[in-house]
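I've put the structures underneath this note.
Here come two complexes built around chain A, the first alongside chain B, the second alongside chain C.
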Partner chain A sequence: MRKYLYIFKSNLMTNLQYIGNITIGFITYFVVIFIFANLWKYIYSDQSKLINGYSMEQMIWYVILTEILWYATSGRKLCNKISDDVKSGNIAYNLNKPYNYIGYALFSHMGEAILRGFLYTIAGVVIGLFLLGPIENFDLIALPFIILSSILATVINVILVICIGLTSFWVEDSGPFYWIYSKLILVFGTMFPIEYFKGIIEVILKYSPVYVTTYGPAKLLVDFSYQSVINIFLAQLIYLFIAVLISLLIYRKGVRQINVNGG
Partner chain B sequence: MNVIEVKNLSKTFKVKIKEKGLKGSLKSIFKQKYKTIDAVKDISFEVEKGEIIAFIGPNGAGKSTTIKMLTGILYADEGSIEVLKINPTKERKRLAYEIGTVFGQKEQLWMHLTPYDNFKFFSAIYDIPEQVAEKRIEKLKILFELNDFIDTPVRNLSLGQRIRCEIVASLIHEPKVLFLDEPTIGLDPVVKENIRTLIKRMNKELKTTIFLTSHDVGDIEKLCKRVIIINHGRIVLDDSMENLKYHYLNKKIIEVKMKEKVNLDDEEGITILKDKGYNLKIEVDTQYKNVADVIKLLDPDKIIDINISNIPLENIISAIYKNEDK
Partner chain C sequence: MLMVVKNQIRCTLLALKYGIMKEMLNRTSFISNVLFMILNNASMLIQWLVLYSLKDNIGGYSFKEVMLLWGLAASTYGVSRAFFASAFKLSDTINKGKLDAFLVQPKSVLLNAITTHVSSSAFGDIIFGFAMVFFYGFSLRVFLLFFLFTVTGGLILVSIAIILGSLAFFLENSEIISDNGNNLMVHFATYPDGIFKGVTKILLFTLVPVGLANYLPIQAIIEFNITKIVFVLLVTSFIVFLANLVFKIGLKKYASTNLMSARV
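The block that comes next holds the complex of A and B.
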């Protein structure tokens, strides 16, 4: 495990050199939050009203956290990197190192994701307090659960994106798969809580990556309960196990196809 | 004791082929055609502990494919490989702890970290305890003269400094065999010389077996005692450098400055390479004529200056490549 922590640390150290670049992304983050804040203020004309069990403040804080998770994961960059590694044959150079490539890719990307998540959290809290003030009935006891759930959400998301990137072993471009996945997460995961969808879609979303990668941590932030903690952590652990398993299977199957250019 | 044993190793690649033009592109959507390339064909060799061996050949000869099979990056189709009695295909991770690799065209260092942080990273990757790692870094820092830039981010280092760090990173776990794939590519002559000296020193002090591929004849000449030449996937020569240099082509170059003109046309075993009147450059095939006879032919009393040298190694190697191509 020490080696993976070092991989994490090394990428964290690398990204510390790019704090300036990361903070430039705050601009789009602020714009998104500003748009959603105004959208929800318009929808909640009566601001004391609840829609699908959520108040206006809860809805905006929900989006603040899901967008933090979205920006922290930075999935497109990861997917492109994995895909390029596969297509260029660079992935092969990891084979004669004493670590697992999936572990390497995960911990390496988490080094960046944690830093981005931390910086975006500061930005999110500032804009949230500025627009709405503190979250109503927020109990500090919820904080460690929210942090842990957010980390698990990002880990699961990163592994799923790695799986998508690894499809490059068989397809020319994994971009379209990532596009579909990211839009599903963006539309169904970051903008609205699952309770906003009815019938079969709500059921599907409860079993989809949306539940564990965005909804879970945001739900704990805006509507904390120990029952939610149990449900969300259980789902995240099951998803984590399955995601790791799938990624290892794809990798093992794909790596046999490696053709590295000779010289 | 052999550290590398390769028997009847073969590897083929399936390469997609497409007919030319738009028609070909459309056709390839429905029917994909492949051709098989024999990258390595039935090669066998052994490498002894502590040897520095050159594994050379023209582009596309199968060198890097062989190195990649030896290091577990590629699977062999046929034949057997044992590196330190380990099968690279079956026990890739175990082998990783015993070997080091430097691919000159593929950096393994983290560009934004310092060499020191990189070495610490590689120590962790190879499960080396902190204190041991510190000692090794200190030792390698002195051996490879890294003191001036060990705390400078890798991205700010010159290519020569970076290659030195790449080699150190691959030595941090004290591998028994080091695979160097074109380690001096792109370096200027002074830095090349410096890297060669350091590699030689490393081989002497750490007793590391070195398996080197390079297109640079200087690397081979200065570092290696044995050379394996591969062409079209087959081994065409496996001999000592001495034999290669002095016996393989049996040729000498004689450059003379004469008092008066001499005519050596139609002399068996002599090829005139340059004739500028009083200055001659001739190639002597010692299988047909020895050097003393040539000097007699020139008449020693008429020689102002003479220089006898071996055929440059580069020419010998090129001749072997060309011969094989025919």
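The block that comes next holds the complex of A and C.
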């Protein structure tokens, strides 16, 4: 475990040198939140009403956190990196290293994701307080649960993206698979809470990655309850276990296809 | 003069033709890129379906009108990226001294520089955009106006990209400004202008001219307002002229680099 923590630390230190690059992304983040704030303010013309159990403030804070999780993960970059490693044969260099490639990819990317998440949280809190003020009935007790759930959400998301990137062992371009996954998370996970979807879609979403990667932490932020803590953490731990298992299986199966030709 | 223009158009069309042929070398990849972009755009229908289940009218737009707006945003984006993708990398072209190759050619430096690359997925945006005309309700008038505004909107996006890209002639690290400016245009384009108020609305019709590329054309299509149609045409001509002027002024300051590279 120590070697993975070292990988995490060294990537964190590297990314600290490029903090400026991360903060540039704030502009897009601010614009997205600003547009959604305007949209929800328009839809909640009567600001005291609840839609599907959420007030206007809760909806905007929900989007603020889900977008933080989205930007922190930067999945496209990770998927491209894994895919390139497989296609270029770089992955072969990891075979004789004293670590597992999945662990290496996870911890090295988390070094960046944690820093991005931290910086985007500062930006998100500032823009949220500026546009809406503090969250109604927010209890500080919820904070450690939200942080832990957000970290778990990012870890699960990163492992799932690694799985998608590893499909490059069999298909030329894993991009389309990532597209589908990212749209699932973006459309169903970042914009609306699951309660906005009715019937069978709501049930499917409760079992989908949306529940553990975006909805869970954001639900704890805007509508905290200990029952939600139990449900969300349980789901996250099960998903984490399954995601790790699947990624190891894909890697083991895929790595047999590598032909090392020297050079 | 007419001959020069004719030759330039022929040269630009040839550049685009070879760009498309290059993209189509891997036909499977080309088709999958197009299809996935259509799917990508279509997935956003879910967002609007959910929002319109809450309210019948958002920012003065009905569901079909918002789909037309979304379609125009996609098709203008598609035209700008499909045929002029290099315009969005202009600051990189300038910073790395890649303009040298175009300076020695006896044709327009700007046109040659912005038509060297074709983006295959952007064709999916164009197809999706025109599909939205049928969703809105096809009529020859709507179709022709949509086509016209796809061209004007595309030209506005490319012109803004040229103006922002040309900042590289004057500033260091202008790529950040350029990328963010171009992204701003895309983000605002898909949401009804009625949800924005005050300064934001003014900005959307001036400094970030999404209003001129998308909102005003949609109003012109819905209302069939000749004044708005003429206004969009005039404003587009002005922005294209301005982009050309900024690039020309900047080009006089161009000093190349010592970076050695080969164009393949």
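One rule holds in what follows: the second predicted complex is superposed on the first by the 261 of 263 C-alpha atoms of A that agree within 3 Å, B and C clash if a C-alpha of one lies under 4 Å from a C-alpha of the other, contacts with A are read in each partner's own complex, and residues count from 1 in each chain.
Here is the rule we use: a contact is a pair of C-beta atoms (placed from the backbone, for glycine too) under 8 Å apart; a residue touches a chain by one contact, two chains touch by 3 or more.
Keep in mind it's a predicted model, so treat the numbers as computed, not measured.
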### Query
For the three-chain model obtained by superposing on chain A, do chain B and chain C clash or fit?
fit
### Touched partner set for A:Trp179, first chain B, second chain C, both or neither
second
### First (chain B), second (chain C), both or neither touched by A:Asn90
first
### Query
In the combined three-chain arrangement, what's the angle at chain A toward chain B and chain C (CA centres, steps of 10°)?
90
### Task
Report for A:Met13: first if it touches chain B alone, second if chain C alone, otherwise both or neither.
first
### Message
If we overlay the two complexes on their shared chain A, which of chain B and chain C does A:Ile24 touch? Say first, second, both or neither.
### Response
second
### Query
With the two structures laid over each other on chain A, which partner does A:Phe188 touch: chain B (first), chain C (second), both, or neither?
second
### Summary
Minimum Cα separation between chain B and chain C after superposition, in Å, equals 8
### Summary
Check: chain A residues flagged as touching chain B and also chain C none
### Residue ranges of chain A in contact with chain C within the complex
24, 27-28, 31-32, 34-35, 38-39, 41-43, 51, 172-173, 175-176, 179-180, 183, 186-188, 191-192, 196-197
### Task
Going by the contact rule at the top, pick out the chain A residues touching chain B in the complex.
2-3, 5-7, 10-11, 13-14, 17, 90, 92-93, 95-99, 256, 258-263
### Query
For chain B, which residues are in contact with chain A within the complex?
13-14, 39, 59-60, 62-65, 68, 71-75, 92-93, 95-97, 99, 101, 103, 105-106, 108, 110-113, 117, 120-121, 124-127, 181-182
### Task
Quick one: which bits of chain C touch chain A in the complex? Just the residue numbers, please.
29, 32, 36, 39-40, 43-44, 46-47, 50-51, 54-55, 58-59, 176, 180, 183-184, 187-188, 191, 194-197, 200
